[in-house]
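Structure first, then comments.
Chains: A, B, C and D, in written order; residue numbering restarts at 1 for each.
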Amino acid sequence: MSTPPVTTAAATAASREAFYQRLDARSMAPLWTRLKSLVPKDPTPVGVPCLWRYDEVRPYIMESAEHISAREAERRVLILENPALRGSSQATGTLYAGLQLIMPGEIAPAHRHTQSALRFVIEGSGAYTAVDGEKTLMAPGDFVITPGWTWHHHGNEGSGPMVWLDGLDIPMVAHYNATFREDHHAEAAEIARPTGDALARYGSGLLPVGYRAPSLNSPIFNYPYARTREALHALTRAGDPDPHLGHLMRYVNPVDGGWAMPTMAPTIRLLPKGFQGLPFRSTDGMIFVCVEGEGAVEVGGQQMAFAPRDVFVVPGWTSYRLRAGVDTVLFSFSDRVAQEKLGLYREERSPG
Amino acid sequence: MSTPPVTTAAATAASREAFYQRLDARSMAPLWTRLKSLVPKDPTPVGVPCLWRYDEVRPYIMESAEHISAREAERRVLILENPALRGSSQATGTLYAGLQLIMPGEIAPAHRHTQSALRFVIEGSGAYTAVDGEKTLMAPGDFVITPGWTWHHHGNEGSGPMVWLDGLDIPMVAHYNATFREDHHAEAAEIARPTGDALARYGSGLLPVGYRAPSLNSPIFNYPYARTREALHALTRAGDPDPHLGHLMRYVNPVDGGWAMPTMAPTIRLLPKGFQGLPFRSTDGMIFVCVEGEGAVEVGGQQMAFAPRDVFVVPGWTSYRLRAGVDTVLFSFSDRVAQEKLGLYREERSPG
Amino acid sequence: MSTPPVTTAAATAASREAFYQRLDARSMAPLWTRLKSLVPKDPTPVGVPCLWRYDEVRPYIMESAEHISAREAERRVLILENPALRGSSQATGTLYAGLQLIMPGEIAPAHRHTQSALRFVIEGSGAYTAVDGEKTLMAPGDFVITPGWTWHHHGNEGSGPMVWLDGLDIPMVAHYNATFREDHHAEAAEIARPTGDALARYGSGLLPVGYRAPSLNSPIFNYPYARTREALHALTRAGDPDPHLGHLMRYVNPVDGGWAMPTMAPTIRLLPKGFQGLPFRSTDGMIFVCVEGEGAVEVGGQQMAFAPRDVFVVPGWTSYRLRAGVDTVLFSFSDRVAQEKLGLYREERSPG
Amino acid sequence: MSTPPVTTAAATAASREAFYQRLDARSMAPLWTRLKSLVPKDPTPVGVPCLWRYDEVRPYIMESAEHISAREAERRVLILENPALRGSSQATGTLYAGLQLIMPGEIAPAHRHTQSALRFVIEGSGAYTAVDGEKTLMAPGDFVITPGWTWHHHGNEGSGPMVWLDGLDIPMVAHYNATFREDHHAEAAEIARPTGDALARYGSGLLPVGYRAPSLNSPIFNYPYARTREALHALTRAGDPDPHLGHLMRYVNPVDGGWAMPTMAPTIRLLPKGFQGLPFRSTDGMIFVCVEGEGAVEVGGQQMAFAPRDVFVVPGWTSYRLRAGVDTVLFSFSDRVAQEKLGLYREERSPG
């Protein structure tokens, strides 16, 4: 070793900077200037807590029918966009949510895409979703699945407007850059099986001998609220709720007992009258719908009251508490199933 | 090597025999004298086809109540013993079946054992099975599970006799020499959960978040016939039956989508009016119950007509054909689940 | 209710007996006279502890070559028959074991059967097993699998006799009455892949992308002792052995991480010098081979010393303790994998 | 209906726009103006094909040691940043890659993070990675895993520089906003198990009886190249390569037979001399390292020649062909495992 390297701080900084410039020309960069931001200590929540009161939102939904038809819109949906993520079409860091309206006599034309979609019915009657050759009639509280890459369309054969919440994994599929989409040659895809076939075949405690599932989604594509509600109320007779979460159930794929969908984790819970939940947080950002009852969520120092049909968001890794004035049912969904499969899911319970 | 061995046939036979004698003294034996019988070309069916007409059997069941009480008998059951396996308490090579009677006001006292049991309800109302702290009321056509090593007892709170078919894996558990049994200190084990809790919790398309199954059996322990029947009839609207088997469904464990029990494979099928099944055989011996309708099974050159509540057996690897005069529902169970897990199950479909 | 039933004990016994006779004519039987024997409190061990000293057995093995050729015998094997189960060809309640000899130049002709077989090599070199088109050379300590229903034959291309232990699930497959067997048209089935292919392809920490296993058996069909031995000795450097079982490892199916075979559970263990195992029992009857070292097993009040190549049996649910004078390696197999799948396996550890 | 809505195009456009403004104030947006961009027909590749020639890059790597120590840098890595994704620290849409240098005597201090990391060793000897209390020595071609949330550090006890490729799921974990990170109190975490323990225990065709995996990553954390190379060459003796992909193998988790890591799918392949691959594309963007041999990849109309230690990227859903002048080994990794779990993975083979 001949000459010792120049060691004044200025020289070092300058030479490093010059080095970085030369790296840059080679499509390289020093990790050490970025490490702390690339691999931070803890998650910084993506998006903010927010709530859409249905009585405030509903006029806009109805007005949308004056501006565009289901056919022209393809899907007449008002995106619920997180106020901190404007322009992204996201409710949370990985998920999309919107409120879809279909008017009597309309059809939202058939297409398919690699994104999986869930529907949670908010109001109305007489509309249907058709998936892979079967129609299902939708009633408030029903949970409906459109598996990725299945042909689906919607129609309203009733006499009033029908509204549901759409949840899609659009941002997640975009992250993997695996979006494919195809429009059906016909407005309505062919119906090949009677209504109720999938529920009878896959959702009655039985499965056809030798059945092989065609996808990672549940073959039951409508979980009717009547049955779900009965189950939730049965739970209240058997024991106390989880002190943080209430009586919490997940929708299940009967083929393997896992989550009903591969990318989105749908759950439903009953908070008994007077429930005062203890604080909880988890790495998955959640989108809730109030189905019955009334209560409030305390999140990020903010109190948000909710009533039936309201939609609200709790960002990931943000502590929240749920309260219920009367027996209250909340539907929710998040990316928890994806995080579990990837080994990323974490949760934290606080004593209060 | 000096002297060549003696090679006359007589000498050889004699010396072999002497060798076998010397082996015998060492607890050894030549495989080559036994190979063909130990490892035959094909299965020789165990047991024979047989049928118990319920109208003929019922008087005996009722008479049994005059001879012994449920308490004294512990379980007042008439074993259905395969005519070719007398003394074995077996209906097939691996399974036990019997008809159990419980009279009003009786209790069949609580015990547990490593054998799993299934019940298929034949007649009556007002009786219950209690499993692990929950009672379920039983109605005709209900399929009820008692998982291995769970406390269970039965009672009749109705006003008439109640009869069901018991299916147990007694011979299979004996084969593995893994039988354990324990009597409960009380006649009736404690009831800790409300009736219907398990069905609500595990059989509604939902599962509690974080639920871990305590055994390999389904946590749903009563699959009510009302729901099953509706599912079977829905199938008839969606397509043609399997030409050999009819509309065949299996009872499912919601935790993993597998068979509802680890040792016995319960199925139920609808044969539409006029069904003329093509020949079929499989390695599992099967026990059938006619639930509704009427028909016949042709098996081993024999024709056996069946009506509701009749029980019949088709031994393994014996070809059979099912026929139905009217819409007919058949429950059946076998050891197919065990054979599948062990890589042994085979089936064969013949064109007719 | 008119007349009360006759209640003198004699009358009761007589009328019951008459009832039983009438049941018998209908292929029925009262459960209550058999319940306690059908469903006993605890397992009564099947078979007795026993040991075959290799130095005593070897002369018989070698003599067998004078009495019959491999071709004539199909498999020249001396069955190791449990002294308490003579005539059954069983070492335990569910498993068969034997010692097979193949002489230089001989071929044990190709066949297949639904039984799975394992080989544990005892002595010699130069012989091979061919499975599904691949030959594997066998060396002492190698563990070789013949999956059910795969063509296989053996040959000896060396200059001395070769002996291995055969383990088969013959009694278990017989219990399910699912035995099928076929002889190959040629003495030696065709060899289509180079020796070592399966180990390279499936046993190197890699699997071919898209590989689907054709059976429930491991696609690695020779687990060479050199690698196994190295692994066992590595364990001794990392920590203390299980106080009951020693350093116990199981052979694994790389496709799913489960046991290497669906019906037989093969394990190998190292007992460090001076090991004094605490008492243990489990519901599976076990067949052991001493590979290296020396020690003793205390079982059922009996002490059996073992040296390399000795084979011994510990019946199920029989407490035993293992001791080792020097570093000792024991191979063993049982039906534990089947019992686990069926929910029957139990074990019990005693403090000493 | 009274007055028909105003229908001139201008009025419609204006009223829609006004409606959108009012929606905006409520954190809502019309889906129909965004649908086609949110759910496009096909993926538009993220990033561009690119290659870093090791002989060009190596001087920069070595120079980095003059600018910063491993201790100061925490990890002295040059990020390989996709030229079309500058500033993102990404090589593909979901993955990070970099070249890490550790000089003799240095330690890269212990930390842990929820990101999983893989290392593929490029040059040098004498360095180690320590994971969860075990050190593994690293040699060129070794594939080393650091499971998420395990303590790990690196050290160089040799006499020359050591370089490896780092692959991390940083962008994917960021997408789920599930990044946690912790620094160890000591520079080097404690070593509790001997070197080679994990490979012996989990990578020898055996697993400890009763072993439960602590994470979704393989417990083998070094897959040595010597064994991998032998396996690859064995494949060339058994049959022809896949005409698109060559002899392609995946690194496997012995606990379940799945991919070795839950978020990144590591593979290695041998292209035999003269291999001219047919076109192929899949939804996962891939990062390759040439281990041995030489060849070229044709991708996106571009020809990129590669030699040992070169790193190159093929973006997702971009058709490519591989060619090899001599027997050539390529390591690669992508997010395929995540896409498979989420139901998103697709591939397409073209005839040429």
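Methods note: contacts are C-beta pairs under 8 Å (C-beta built on N, C-alpha and C of every residue); 3 or more make two chains touch, one makes a residue touch a chain.
Heads up on the chains, UniProt names are A, B, C, D = Gentisate 1,2-dioxygenase.
Keep in mind that what you see is a predicted model, and the values were worked out from it rather than measured.
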Separation of chain C from chain A in steps, with touching chains one step apart: 2
Superposition of chain B upon chain C: rotation angle, C-alpha, nearest 5 degrees: 180
Whole-Å gap between the CA centroids of chain B and chain C: 28
Distance between chain centroids, defined by C-alpha means - chain C, chain D (Å): 43
Computed distance of Cα centres, chain D from chain B, in Å: 51
Multi-chain contact sites of chain C, meaning residues that touch two or more partners: none
Interface residues, chain C side, partner chain D - complex: 193-194, 196-197, 199-201, 203-209, 220, 223, 227-228, 230-231, 233-235, 237-239, 245, 248-257, 267-268
Residues of chain D touching chain A in the complex: 5, 12, 15-16, 19, 22-23, 26-32, 34-35, 38-46, 50, 52, 56-57, 60, 63-64, 66-68, 72-83, 86, 89, 93-94, 96, 98, 113-116, 148, 170-182, 215-217, 262-263, 283-285, 316-317, 335, 338-339, 341-346
